[in-house]
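Chain lettering (A, B, C and D) follows the sequence in which the chains are written, and residue indices restart at 1 in each chain.
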Amino acid sequence: MEFAIIGGDMRQARMAEMLASDGHFVSVSLMEETEVPGAEEMDWRSAMRDAKYIVLPLPVSSGGGIINAPMSQKHETVYNILEGVKPDQTVLAGMVDIDVRHFTDGHGIRIIDYFQREELAITNAAATAEGAVQILMEELPVTLLGAKILVVGFGRIGKLLAIRLKALGADVTVSARNFADFSWIEALGLGRADTRRLDGNLSEYDAVINTVPSRILTEKLLRQLRDGCLCLDLASKPGGIDFEAASRLGIHAIWALSLPGKVAPVTSGLAIKNTIYNIISELECTD
Amino acid sequence: MEFAIIGGDMRQARMAEMLASDGHFVSVSLMEETEVPGAEEMDWRSAMRDAKYIVLPLPVSSGGGIINAPMSQKHETVYNILEGVKPDQTVLAGMVDIDVRHFTDGHGIRIIDYFQREELAITNAAATAEGAVQILMEELPVTLLGAKILVVGFGRIGKLLAIRLKALGADVTVSARNFADFSWIEALGLGRADTRRLDGNLSEYDAVINTVPSRILTEKLLRQLRDGCLCLDLASKPGGIDFEAASRLGIHAIWALSLPGKVAPVTSGLAIKNTIYNIISELECTD
Amino acid sequence: MEFAIIGGDMRQARMAEMLASDGHFVSVSLMEETEVPGAEEMDWRSAMRDAKYIVLPLPVSSGGGIINAPMSQKHETVYNILEGVKPDQTVLAGMVDIDVRHFTDGHGIRIIDYFQREELAITNAAATAEGAVQILMEELPVTLLGAKILVVGFGRIGKLLAIRLKALGADVTVSARNFADFSWIEALGLGRADTRRLDGNLSEYDAVINTVPSRILTEKLLRQLRDGCLCLDLASKPGGIDFEAASRLGIHAIWALSLPGKVAPVTSGLAIKNTIYNIISELECTD
Amino acid sequence: MEFAIIGGDMRQARMAEMLASDGHFVSVSLMEETEVPGAEEMDWRSAMRDAKYIVLPLPVSSGGGIINAPMSQKHETVYNILEGVKPDQTVLAGMVDIDVRHFTDGHGIRIIDYFQREELAITNAAATAEGAVQILMEELPVTLLGAKILVVGFGRIGKLLAIRLKALGADVTVSARNFADFSWIEALGLGRADTRRLDGNLSEYDAVINTVPSRILTEKLLRQLRDGCLCLDLASKPGGIDFEAASRLGIHAIWALSLPGKVAPVTSGLAIKNTIYNIISELECTD
């Protein structure tokens, strides 16, 4: 198979290297500032000529329609690139936004968002959980062993983080909002709390980690934290912590986004590669 | 609140005791052979007169419409009992079958199946996982520490069992059927296999545990197990092991059903009580 | 190498089988009631003629100087057997008592007690810990998940048992007697108590497990246990529980001895085999 | 009780704060650059006048007899301070070297080295193990989940580190040198290797962590590591890695010393405080 990898960060670079070492023909474009053993450096136009699969970054655009290419000095729009896609080619991209989706729909281009794949989300959650453990270790003046920690939310990241913290000897409470999650929390040997009833129950934690993408930790709640409590937000978009209030109250609050690419680019690149293989194997079954 | 507990096994008895010690008025009927501290023994007709909630067993019927009452000498039909239910009473029962559902629909009786509640299913899965560990310890001539074990299926029981086995030092592989489950299996540090590709990969296990309610372990696969491999089936209804073939091949195969009530009646009774409280709190929000 | 295995239980039988499958010549005697694939059944006099290593049971004697041979109808004294040992032969036996030691010293027989080897003691402790988990699961009406458990003593068995119980979701406290052990207990994320200050702190446990070979759980302490608390004694010789008082008080108390051979004969046989190999490799370095 | 804390880093500062909040009178000297809530800042001469216990840093001297006081601009010799100690006072200091020991012996000063206490060594090992996990997370481009890691040595740090790495989903091998350790390694569910036979078995690890204070990882072994393998040395004094060769071979090697004070000053300060309490309770029993 032929892959054209255009743009992206260290995850795309490592993925390209691994695709090449699996025996595929791989070209890389718009990442001149790094070396990718086994892959051919090309300008993107040539690269797209013969590739069966065109792999764009995660997120595909860094804003304003410009392709996300932090390891390149060049600026290219996603649309320019997409215009050259031929009917027998498939585009694989991460976090495809509405504008891009509109464009590909209008032009009959087959584009698949690999970031919407559940298997990648789970692998990313595992890397995010590890990254969160790392940040807690870096920032807390106590060991996680014996620390009292609240994880808000019991989604993919909340689950995997709580399990890791407990395994390291922390005293872990997880807050959730429904009876089924409460049962899961207890079945895993974790302490449980109700996300809707945190008010009045926050004064003993050494750290509070939010994983829910809605404003949970309001000023009212932040005021109840003990001195020195660390606040870590792993939720995207609006985030769950009132950072403005935290800053005013002198609370150490950190918003950690996109951890997988930062703390484990090789594992993340591998996960993207595996997801792309899964997508291709499903396409081949359907086609 | 007033509860009439009619029929059931040790779980219902322990649940009745705990309801009473929470301060409710509780009557027990059709379980003369055990004692329930704090609850009033009554014949079921009197018991139903004033109760707000009538709690029937899990499963509600032991077959042929007879109420499941292993701790009583009396035989009563579920229909006889249901006929006496008044409009302001609520019936809580486990594993309500189609015939019973038909009857209650026809008579305008409010009946809720507590066994269909996700939170109870999860708590039951945790107890089942422990029960499975117990059986493996009892039956295997090796320690779980160092044993090579395959868990077929990654539902509630598969997850909780695999985590426990790994924690005890076993070398655990879990088989599943989709990419998302594969990612979960790896994120939990477990080995992974594909349930559709077990053929040819079964010769090294000390034990194989099925959790999937469909015939996975056919004669063809059973023939590939190493001498002395233990087969444990935790799946209900059709089961996942060809027991007839296993017997013919001299394979030690065990079908373990209804473990929670057997290995942990108190924990199971508590789980039913909590589920009933959850149901009631939701009814009160709605009403 | 040639091994004569004389007497013993399933552990010696499995060990003999494994020695044979490693390619050694192995004879078995005084275990007619079981089959040992790969080993030659012989009367013990012939067996001893050419063997380099003579392996006796664990414990070597079942009392009164009679060799411990539960899988045989014959009764032979250990002394009769030892009398036939030649100067170039080595006897390996378990739990060699003073009388036997006297005899071998007097006759210039090289005898090595494999049960005194630290590596076997540790492997046995791991099997004992699993056996204890099994008994707790069998006897408790609650799941270990969420159960409150006290382990008295932090030796080999105490350590390995506490780690396993915690991994299964129990709330585990370990009692010990010195500051170093307290630090270890905390470093492993376990709760700690002082064995000398259990008085007044026993009323909340679902189970208490003793691992210390001295009378810790006196009547005074037993009286403080909550109703239904299970007492399990894993300590040898005098034991740590006042069983007479426990019986009088209606406390469910179990004295579980020699668990490894009972719950995991194959693992235990393998451990003895490995220990014998270790002994031989050290003898060969010295000789 | 009255404590004079003279010199030290953040651990001594936090310890002083905790001693004060336990209700003791506490003075701090030679740490002007930090604030210690609850403690009285004094010059060290006045501080020593009435204190029952004089607590010196860990290590007591930063070289050349100068007291270790990184949070002070002043330079004072340990001897100057010790000269003022009165017969009814007790000095508690960490890593007391031969020169200091000579001096105190000659002057009849009671000095106790708190760093030689086993309980502190274990608590430090737990903090060191966490610090090592943090460094691995920071430096490796892969997640610990799924990483193949070798821990050389099975002392306090080796044990606690290996358990943590395994709990995070790494594939952990521990190398040791005797049969008893091999049994412990297996009883904890870890992979085992022989420290004397690493030659030829090193090519698959993502990271190798040394905990043994003797040159294990020679150039010959370092050459066998796979590309990108991280080498982490946690051993004091000579260290276990040939760093000169590692640098020449382009291997990423890190020597991490004194982790507890760096990664967890509060936990470390608490551990010193507890150790001092233990020492005092033993002195009071003896006196």
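Keep this in mind: contacts are C-beta pairs under 8 Å (C-beta built on N, C-alpha and C of every residue); 3 or more make two chains touch, one makes a residue touch a chain.
Here the structure is a predicted model, which is why all the values come from computation and not from measurement.
Looking across B-D, C-D or B-C, the interface that copies A-B in more than half of its residue contact pairs is found at C-D.
Copies chain B and chain C of the same sequence differ by a rotation of 180 degrees once their CA atoms are superposed, given in steps of 5. Of the two interfaces, A-D and A-C, the higher number of touching C-beta pairs belongs to A-D. Rounded to a whole number, the gap between the C-alpha centres of chain A and chain D is 36 angstrom.
Chain A and chain C have Cα centroids separated by 50 Å. For chain C, residues touching at least two other chains, in rising order: 126, 145-146, 168-169, 186-188. Listing the residues of chain C that touch chain A in their complex gives 145-146, 168-169, 186-189. Every residue of chain A that touches chain D in the complex is listed here, in rising order: 10, 14, 126-127, 130-131, 133-134, 137-138, 140-146, 164, 167-169, 263-267. The part of chain B that touches chain A in the complex is made up of residues 117-120, 122-123, 125-126, 160, 163, 179-180, 182-184, 186-188, 275, 278.
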